[in-house]
Structures are given as structure tokens and as C-alpha cells.
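There are two complexes below, and they share chain A, which is joined by chain B in the first and by chain C in the second.
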Partner chain A sequence: MGAHHHTYNFSEQYEFSGKAKTYSLIAIVIGIAAIAFGFLTGHAERTFANLLLMSYYFTCICAAGLFFIAVQFVAQAGWSAGLIRIPQAFAKVLPIASIILVVVVAAGLFSHNLYHHWNHEGITDPTSPNYDALIAGKAGYLNVPFFLTRLVFFLALYCIFAVLLPKLSNNEDLEGGLNSYKKSIKYSAIFLVIFGFTTPIWAFDVIMSLEAHWFSTMFGWYNFAAMWVTGLATIAITVILLKKSGYLGWINENHLHDLGKFVFAFSIFWTYVWFAQFLLIYYANIPEETVYFYKRFEPEYLPWFWVNIVVNFVAPLLILMTRDAKRKTNMLLFVCIVIICGHWLDYYMMIMPGTVESHRGFGIIEVGTFLGFVGLFTFFMLNALSKAALAPKNHPFLQESVHHHI
Partner chain B sequence: MASHNESILREPLITGKDITYARITNEVLLPVENKPNKAWWIGFIVSALGALLWVGAVSYTFYYGIGTWGLNKTVGWAWDITGFVWWVGIGHAGTLISAVLLLFRQNWRNSINRSAEAMTIFAVICAATYVVSHMGRPWLAYWPLPLPNQFGSLWVNFNSPLVWDVFAISTYFSVSLLFWYTGLLPDIATIRDRATGLKRRIYSILSFGWTGSVKTWQRFEAVSLILAGVSTPLVLSVHTIVSMDFATSVIPGWHTTIFPPYFVAGAIFSGFAMVQTLLLIARKVLGLENYITMFHIESMNKIIVLTGSIVGVAYLTELFIAWYSGVEYEQYAFLNRISGPYWWAYWCMMTCNVITPQLFWFKKIRTSIPISWVLSIIVNIGMWFERFVIIVTSLHRDYIPSSWAMFYPTWVDISIFVGSIGLFFTLFLLFIRVLPSVAMAEVKLLVKTSSEQSKKKLLDAGVIKPEEAEYYKESLTKFDSVDQADYAKI
Partner chain C sequence: MSNIKYILGHFEDPDDMMHGIDKLKENNISIYDAYTPMPIHGIEDKLGVKRSRLPIVAFICGITGTFTAFSMIYYMMVHDWPMNVGGKPAFAFPDFVPIMFELTVLFCAYGMGIAFFFRTHLFPGRAPRVMDLRATDDRFIIAVDANENADHDRINALLKDAGAVEIKHNERRYVSYE
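Let's turn to the complex of A and B:
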């Protein structure tokens, strides 16, 4: 410990150009092409389902970056100070992601491609042939104006903090001192309370209401678990790729080890939540609850239902179990990519049975939309990253982070 | 943390001047090596009387059967299971502090882990007594075990969460005991080395031949880490399965998917409250203010407000989904909780678990010892009511209105509950007499890097940035164990 004395250039800045820029732009173009293909070939509903999936996923990753920063401040974590600029870059993209999500949800609502289960003409009118007593009972909550207001309001609240916290960190670079640090702790705590109380509702609205008859109290935390583990995996991937490009000299296998432990632990946490929800519904066997899994046990979905668990639980569990695996760059990179793809499937399993039902597909639209959003995220995130130094040079815990050794 | 590069912003984990390894040993072993004082005797006698009440009430139950409790045909499960879940929940903080905080490298756990683990073990014992006593026929207590038997093909019902609970709790108890005892070995060896005569013989056997060699320490650290890794999923599984005792059923108010993580959060919440209740008194009575500092108290209060809020999210989620589900039974169960004959229990639970802990957002409150103590007691009360509300309000008005009933505890119910608290404190008070209540060896690790004196050295040497030194001095003002005059002149 402390025996190695390197001098690092903490003012080092990421330069967004070359391959990273080209490839992310190409991916965006592929995405646009795939979406256009979807609409032109008459798969409007399926394309909308994919758009919802990826814009939700995109927003969740950015929100997870913000959540990560807030947790580090509130927990007074030292190890992560040297890599905090990466989740900060995620947070900076949250406003863009939020706008895209709101546009997709609103367009889906008004074009009746999404949420038609509760947003259907005459569904709350007892005289209409479309009348649905259950939906009518929820109409005070599930109605277009209130639904959109909630979505916009929550995302706007998160975005305030997504702007504020990176800004404070930037002030710290310029002015030094501890003012920004103290304020960051305060705002992080406020954000965590707001986020903690509202994310379940966010998940109930955007995802659970696709199948508006069904309900599960766990669904909010289940979505949170997916958001958090994919956010951690994306942070790890970004750190590794930046290191591979010669940046972040002060980040070493000790930091990767910690990220790896988080990815490992929260993969298990996701599984725990998934299993608890599944087991309780399976065991009690009440029709209004089992309907959700009944749909996922149809032949179109059943194999993927099990693949979901294998990819998101068994793979990280077995591969990341040992200390060495978490400290090996390529191994960790591999597992994180598996998790990113795995949770795409997880969201797919949440969304598709309630939208396209048995007409599910996997082809140009799915792969293209996925790539498009990966490109979108990469482009905006790296662009945000390039705007500030890669290390928060005046962060009070930077030295702890640089000398982090486990 | 605990590295030579530890930031000065981190508050000291050991306060006081001239802290040496010898002084730590002397101060921690004071109650073990000396005759008990009056305060201990008073506490012990009161607790022992409580334990006696428990023995009496449980014996009465065994003699006359569980018909002596206030149960009726509608409410067939009440204070018995409430008490059981309450105790199991309290047991969770010990493992959380020793295992989860170890994995997160939170060194402040070092001074509180020992008593928290002891508390875990005693709380699980109290919980286990409920299991046995509410079997009614304790001589058949081995029936939940899947033993080869002569009853033909009669096996335990593996589909029953109650059987899962038997496995979960017994495994949990074994691992907690192992973890606690392993951690005790170096400290027991310290007592052995300072004792004479019969006492030395006893502690010698108990220390398992601990030599303190490098190899011994290496193995000690390896086994601690492995046990931490094993007990983390275990502690989560225990309350998960306790929650499934209810949630696998089809009873409105019991069957809800959020129960497992919500119960775990509630368990950690109540466990930390109990640790706070015990340690705020123990640090004063045993003179451990330098080791269990204001930083520890404040950190535990922060965990209480965090877990209390998680529980709050769960309460609100349940309430909302009950309405959203459109299931009238579910809706009625919650309406009945809020405004039915047990409304007072529901609002007591809400107030004690969600509203009053929010006071911990104020620094003044979370660094006030008397208020922290009172709030920790309120959490203990609230968490008892949580279980009572879940259990009794869901049962007392079932599907047939003609069988609706209320639950009234008998003197036996009350005596078993009050008695179990006596049993718990008796065991805890005995523990602090015979074993060190602070993990001496682990606290000693922090002297060089995280103590007030090591930080003061840095301040005196003038190697700290002025604004960080200012921040640090500011943070010390809340400590009741720091001599503030020392910092006035720096």
C-alpha cells in the first residue's frame, strides 16, 4: 500500500473522435433504418414495443448513473471517486433519454400502439361493448392526462438532480474547497428519497400498466433491480473500454474488483426479487395473478422465460464468483456485456407479452432498435464525458480512491 | 478506509488521548475481570424476574395447552407468531453488521459487531422458544425435521414454508453462532492470558488453543470472510422465508409479492433499533464512549432512517396496489386495517416506523443520545405492531362475516411476551460479564489510522489542507467523548 508513487494527470480529458464517434453514429443510423423498416412493413405495434423497451432501458441506465453518484456521496464512499466522472456522464444524458421516453410513450398512447389495454375507447363506459369493469375501477389513476403528468413530473425531478450533481462536481474542479462536496451530500440525500419513493410508480406506469389487469407489489423493486444491475454493468464496461484506450491510469484492478462485486451482488439481488415474485404467485395460484406468468408460459415465450434466468443469474454467479474473475478486465467485460444483453431479454419478457402477445418477433426491428439506442447512449454519453476532466481533481476522497487496495 | 491514505474527513472511530493497545484491553475487559456493580445487579435481577415469568407462563402453557392463550377459531395465530417474527427480525442486525458491513469494508462495525452478534443469538433463541411453545406439544418438537420415521410414509410437508423456516432459522442460528464464536477466539485468548486459576483453565479451553501466530491470524481472516460471504445470503433468506409463512397463503393482506424484501428491510430496521437501545446504555454503563462513539450512533441512526423509509415505501406500495388491483377482498383488508376496529394498531405502526424515524433527518436529533434512545424504543414498539397488524387484522375479519372476531390476549400471552424480553436481557447481561462486549482485536486495528489521536497527529504536523482540517474539527463538535478544548487552539 502506498508504495507506488505514480504521478497521474488528473486533468486528462477524453477526446471524443475517431472510431467511437463513427461507430456510434453508424449504430444510430442502423437504428433509424430498423425503426423505419418496422413502420413501413406494417409492424407499427411491434416497433413501438421495441421503442418503448429501448427508451425505457436507455433512461434507466442514465438514472442508474445518477443513483450511483448519489449513493457514493451519501455513503461517503472513497473508492469510487476516481471513476465518478463516468456515472456523471450517464446522468448528464438523462434529460435527453427522458425526452425520448416521454415522446415514445405519448406517441404510443395517442396512436393506440401502446397501453391500449387501458386506453381504449369506451373501456370505462358501462354501456359500451368495450366496457371493462376492472379497468374502469382504475380509471382514476390510469387515464391519459394523469399518466403523462406523472411520467413527465418524475423524470423532470430526476433531471434537476442529473444537472445539479455534475454541475457541483464541475464547480469543485474550478474552485476547490469543500462547498461542492457538502452540497452534493445534501442534494444526493434529497434525490435518493425522491427516487426511492417514485421509481416503483414509474415502473407500475410505464411497464406494468401494459397489462393493466395484472398487479404485483414487487414489480417496482423488480424493475429497480434490473435498472441498478445494468447501470453498474454499463459503468464497468465504460471504465474498461476507456482504460483499454489508454485513459484512467489511476483506475486499476482493485476498482474493477469492486465494480465486479457490485455486478455480482446485484445480479443475485435481481434474481432474488424475480424469484420471490414468481414463487409467491406460482404458489398461491390466484388466477388474477397467474395470468401474467400464464402468458409467459405460452410456447412463444417459455424457452426465453428460462433463458432469462440462466443469463442474468447463472452466468454472473458462476463466472464472477472468484476474486480473479472480477479482477480480470476481459472476463468482467464479457460478463457485463452478457448482463446488458440479458436484461434486454428481461425487459422483452416484461413488455412483449402485453403488447404484441403471441406475434412476437426477433429480427431486424429488435436488433436494429437495440443497436440504435446503444449508439445513441454511447454518442451522448461520450460527448458528455469529453466535456470535463476524467478525474474530479479536487474531490476530497480522490487520494483514497487512487490508493484503493483490496 | 483504514489505509494510510485515509481522508481526514472521515470521523474518528476511536476517540480519546493516549489510547494504547493495553488501554483498550483494560477498558474492554473491565466488566469481565471485576465484580459487577450495582447497576448490573439491578438490571440482572429485574431481567431474571422477567425470565422467571417466562418460565412460569410457558410451563403453564405446556401443562394446560395453548387454549390458555387468547386465540379463537377466527384468530388462530396472534401474539405467538407476532412475538416470533419480532424476535427473528431483531436478530438480523447482528449478521448485517458483522457480515454485510464487513463485505462493504465499513470499519466502524468493529466496535459494535460483537454485542450486535450476541444480540442476534439471544434474539434467535427467544424466537425459537416461541416456535417450540406454540407447538403445544413440545415433546414432539422433532416432528418438523425430516427424520426417517416409523409413521409409514409420513414425512414433513416440504411444500410448507413453515418447514422451510425450520431449516432457515436453524441454519441461521448455527452460522451466526459460528461467526460470533470465531470472532471471539482472539479475545478469549486475551482473557486467558490475563487470568489465573480455574478461570484461566476455562478460558483456555474456550480459546481453542489460539496462539496469535501469523498463520492463525491469516486463517482467522480467511474464515471471517468466508463466513461473511455465507451469512449474507443466509440473513436475507431467513426473513424472506419468514415472510413466506404469510405471503404464500391466499389471505388478503398476507399474500403480496413485495413481502420478502420488505420483511428483510423491516428486520434490519428493528435490529438496528435494538442495537441502538442496548448500546446507548452499555457504552455509558461500561464506560465505552471512546469506542462506541457519536459516529457509530449517528451511522446507526442513518441506517434506521434508510430502512424505515424502505419499509415506508413498502407500506405505501401495498396500500396502493390493494386499491389498484381491483380485488375487493384485498381492498377491504387494507380499508379495515386503516379504519377498522384495529385502526389504532395500524396508525401506531405507521407513526412509529415511518413517521417518527424521519426525525433522524435532523442532525441535532440523530446526534442526541436521549432522543436516539427514545426513538429506538419507538421503532421497537412500531415493529411489534407491524407484525400484529399484518397477522391479526388480516385474520380477524375473514371471508365469512358471521365468524368475524376480535383478539384479546390472556395473561399467558402477555407473560410469555414480557418474559421473553426478560430472557433476552438476562442472556445479554450475562454475556457482558463473561465475554468482551467489544471486539478488542478488531478495534485495535483502527488505532493507527482511524483514531482521534492519529488524526490529531496529522493536524499537528500541518500536512492537512486548512479547509479539510476545519471540516474535520467541525465534525468533532458533536462527539461527547472528545475534549473540545484540544482543538480550540489548532
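Let's turn to the complex of A and C:
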């Protein structure tokens, strides 16, 4: 307390050039090549499933960045003020991610019938041989115009806040005072209410409707948990890598400890929701519900079903349990990368059995699409990050963040 | 040899107290402990207090709870009185998990509470003993062991310099609320 009086340059800006730029561009090129390879070798459906997976993952991480800022404002948190520009950069990419997701969903819907479980010629027509009574009963909700309207409407709503909150933070840099901060709290609170009610529907639409005969009310929260834990892991990775390149001098192991606790806690939360969904279906044993897990218990998917739990629950639980592990930069970095890969598998297990079923694969298309979107995210996020100072210099809690000690 | 056991420096401001700790350490005077009415960041490092072992207790209690729950349900549901519940096998592991989780939390919480009371000698019916009553109210107190540090006048002077508002020479270690 008062013992160390460093002076930090809070106006320091990230310079987006060199290796980070080259590698992210190379990753994008690999991604484009892999997607082209997928379409040209006759794996169009599999490629579309991968595109859906990664664009959803990408949008979720950007939305999680926005959610992170909103939570910090509403909680009036002090510890995170010094690193708030990183999730802010995620939020700034949300409009781009949303457009990509809408394009992929719409293209999949119209060209390759990604959502063929509910969108099929004559599926709601009682006279047609394709008639499906279950789907016909859901047609009031699951029809193409309403489906696309919902998706665009929700994402547009999030994007308004993704533009608004960084803008208020920028005003704060220029003008100082508490005006922007108070406004941020207000808009964050409004955003959280909207986000809380609409993310489950977003997950129901984009992912759960791939297997439209099945439903689970836990699915929305299950997806939210995955979104939040991957978002936190990505924030931690970005902070650690920026620190390693010599930026963010005011961020120390205390901040990483808090991020580590977040990642640890929400890995457990993800497992909790995952298991709550599984246990109820297992226990009740109703065929219309068990069909989801029946598909995932086929020998094709079963090993990965278990790997999913080990990677996303057991690994973070055991590795991040001690205080020291959360404070050691490389340990935290390792666990966060494991979680990012683990949740790719989680999304894979959500999407593939409903779309490509036994024609699933793991090869150039999967790895390439993953790399492509990682590159895309890195490129746009770092580009957004380089546009503003790395610390919100007039944030009322910045000094509290600098002296954060746990 | 005097009867004085502890020298207590009373401070009104936590920063002054932290300064006093530095001053005493610079002069090679060992500090017995510090008592404050509220937690102060960084004081553990300054006093060289070792990290609490409570997390280890928590882990051991938690894992005991997990295994207790597992053994209990296994004995009941598989060994002693197997029942057909919805056609599930007697050893239906997913059904065990919520109970294993709950007992983990229960054992962990109770174990930590009991360990805390055990270490701090706080038992029901026992009046808590403290070095100075005002340390729980509005004073920040540094305690120095009077037998280990012989030059009492120097300690007095150092504490005064650092901003102590009152210095007490106690012949008893504790005072009780009784």
C-alpha cells in the first residue's frame, strides 16, 4: 500500500503490425483455402456445418466480450478497469461477426438446407409425403421468415450496444468526468436484461433447431455457459499475450488471478448446466428427449462425448484449483487454450450429429476453418484494439485497478 | 527482568501502523503480531505471515464428502437394497452425482467452519480473548514481545515516531471480554 508508485503511460496504444498481423492473415488464407477445398471436394454440407460452428463460436466470443463489459459496469467493478479495453475490442468486432453468422445461416438455409430437420419441401403440408406432424406443430415459430427476422433482430440489438459502450468509453477518454460512466451503467443494465432473455432463444434457433424434433429448456443456458467461459478464456489469453509483448504494464498477477477464478468457476458452471440437462433426460428416459443423447452415444461420437467432459471440466478443475496455478501466466495460458479447443469440441458435439450425422470428419476442413476464424477474430480484434489507448485513462476506478491486490 | 510481557503500540491510522511496522523491522525488532479492526491489504506480506492452509483443509474435507456420499449411496442402492427405478441399473452413476456434489459442498463448508473455530479458539460458551479490546473497534495495534526485545525505551520511541497515539506495557497476554 503506497509502497510502489509506478507511473504508467495509460495513453499507450497497441501497434498492430509484425508477426501478429502476418500470422492472422496467413490463418485467414488457410481458412479460405480449407473452405474452398471443402466445397470443391464435394463436402459442401460438412463445410457448411463447420462454417456454422465457427461463425457461431466467433459471434459468441465477441458477444461475451460485450457481456463482460456490461457486467463490470453494472457491478461497478474496480479490478477490471485496467483491462476493460480488451473485451471492448471484442465488442467492436461483434457487428462483423454478426454479419458473417447471418450470411452463413442464411446461405446454409437456402443453398444446402443446413436446417433440413424443419425446413423441407412440404414438411408442414398434410398431403405431402414429407409431412411431419411434430414439425408442422412448431411451424408457427420455426419458419424461415420468422427465424431469420429473430436472428437479425437479436444480433442488431446486441450490435447497438456493442457500438454504444465503446463509444461512451471513448468519450470518457476525451472529456473526463463521470457522465460517460453513469451512462455506461444505465445502458449496460438495459443490455443485460435484453441479453439475458434473448441468448437462450438465439441458441435455440441457431443450434438447437438443427435437431428440431428435440428440445431442451436447459439448452439456452448451456450455450450461454459455453459462450461465457470461452469469452473469459479468450480475454485471459489476449491479456497474457499482450503482457508478453510488453504492453499493459499495470496488469499483474492479481488481475490474472481474478480472470483465472472466472475461468475456473465458469468451467464448473458449464459442467453444472451440461450435467443438469443430461441428468434430467437420462432420468426421465422419454424417447423424444433421449434421441439427442442416443445419437451422441453411437460409437461414432461416444469417445468424443467423454473427451468433451474431461477437457472442459476435469482439466480446468484440477489444473486451476490452486491459487498458484491461477497466478502463473503460462499455466493459465495453457488452460485457456485447452478450454478454447475443448469448447470447439463441445460445439462440434452440438452441431455435427444433427447435420452431417455419420458423415462427420476431422481433417483439413475442420482444422482449416478453425484456424481461419481464429485468424479472422485476431485480425479484427487487434485492429479494433489498436484504435484506442490500452487503458481508459479517465475511468473512475482505474487507480483501484492499478492497486488491485488479492 | 520486568513483568512486562507485551508492548502494544496503538495507532489511529492504518498507514501510520504500516509505517510503524517498517520502522520496527528496520531496527531489527521482531513483531509478535498486528491487530486491526478491518482487513488491510498487503499486511501479510509485510509481517511475513505464512499463507493460510485453509484451502488444504477445504480440499480434504471436500474429497471426504465426495467419497462418503459415493460409499453411502453405493451401499444403499447397490449392496443393501437394490431397487428397480425406471428400469435403470442399480449402479446408475449419473444419479449418484448430485448427492456426491451436495455432500462435497456440505463437508467442505462445515469442515472449513470447524477448522477456523478450532484454530482461532472460538468455541461456543468461551469468551474470546484479545490483546486489546480497542483493536476490534477503532485502533490499529502492533504487538511486540517484550521478552524477545529487551530495549523497551527504544521500542517506545520508534512507535511514537511512527505516529502511535498510545503505548501500553501489558503484563498479561490477553484481556477477556468477560
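Methods note: the second predicted complex is superposed on the first by the 404 of 406 C-alpha atoms of A that agree within 3 Å, B and C clash if a C-alpha of one lies under 4 Å from a C-alpha of the other, contacts with A are read in each partner's own complex, and residues count from 1 in each chain.
Assume contacts are C-beta pairs under 8 Å (C-beta built on N, C-alpha and C of every residue); 3 or more make two chains touch, one makes a residue touch a chain.
Just so it is clear, the model here is predicted, and its values are computed rather than measured.
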item: Partners on chain A (chain B, chain C) - clash or fit; value: clash
item: Touched partner set for A:L174, first chain B, second chain C, both or neither; value: neither
item: Residue contacts with chain A in the superposition, chain B compared against chain C; value: B
item: Which superposed partner A:G196 touches (first chain B, second chain C, both, neither); value: first
item: First (chain B), second (chain C), both or neither touched by A:P396; value: first
item: Touching partner for A:H405 - first (chain B), second (chain C), both, neither; value: both
item: Partner chain in contact with A:L134 - chain B first, chain C second, else both or neither; value: first
item: Partner chain(s) touched by A:R323 [first = chain B, second = chain C, both, neither]; value: second
item: Among 26-34, 134-142 or 206-214 on chain B, the segment whose C-alpha atoms clash with chain C after superposition; value: 206-214
item: Touching both chain B and chain C, residues of chain A; value: 1-2, 279, 283, 405
item: Residues of chain A that touch chain B when the two form their complex; value: 1-2, 76, 78, 133-134, 137-138, 141, 176-178, 193, 196-197, 200, 204, 213, 215-221, 261, 268, 272-273, 276-277, 279-281, 283-284, 286, 288, 396-397, 399-400, 402-403, 405-406
item: In the complex with chain C, residue positions of chain A that touch it; value: 1-3, 275, 278-279, 282-283, 285, 321-323, 405
item: Complex interface listing, chain B residues touching chain A; value: 1, 3-7, 9-10, 103, 105, 233, 236, 240, 244, 247-250, 255-261, 309-310, 312-314, 316-318, 321, 324-327, 467-468, 471
item: Residues of chain C that touch chain A when the two form their complex; value: 15, 18, 40-42, 51, 55, 59, 86-88, 94-95, 97-98
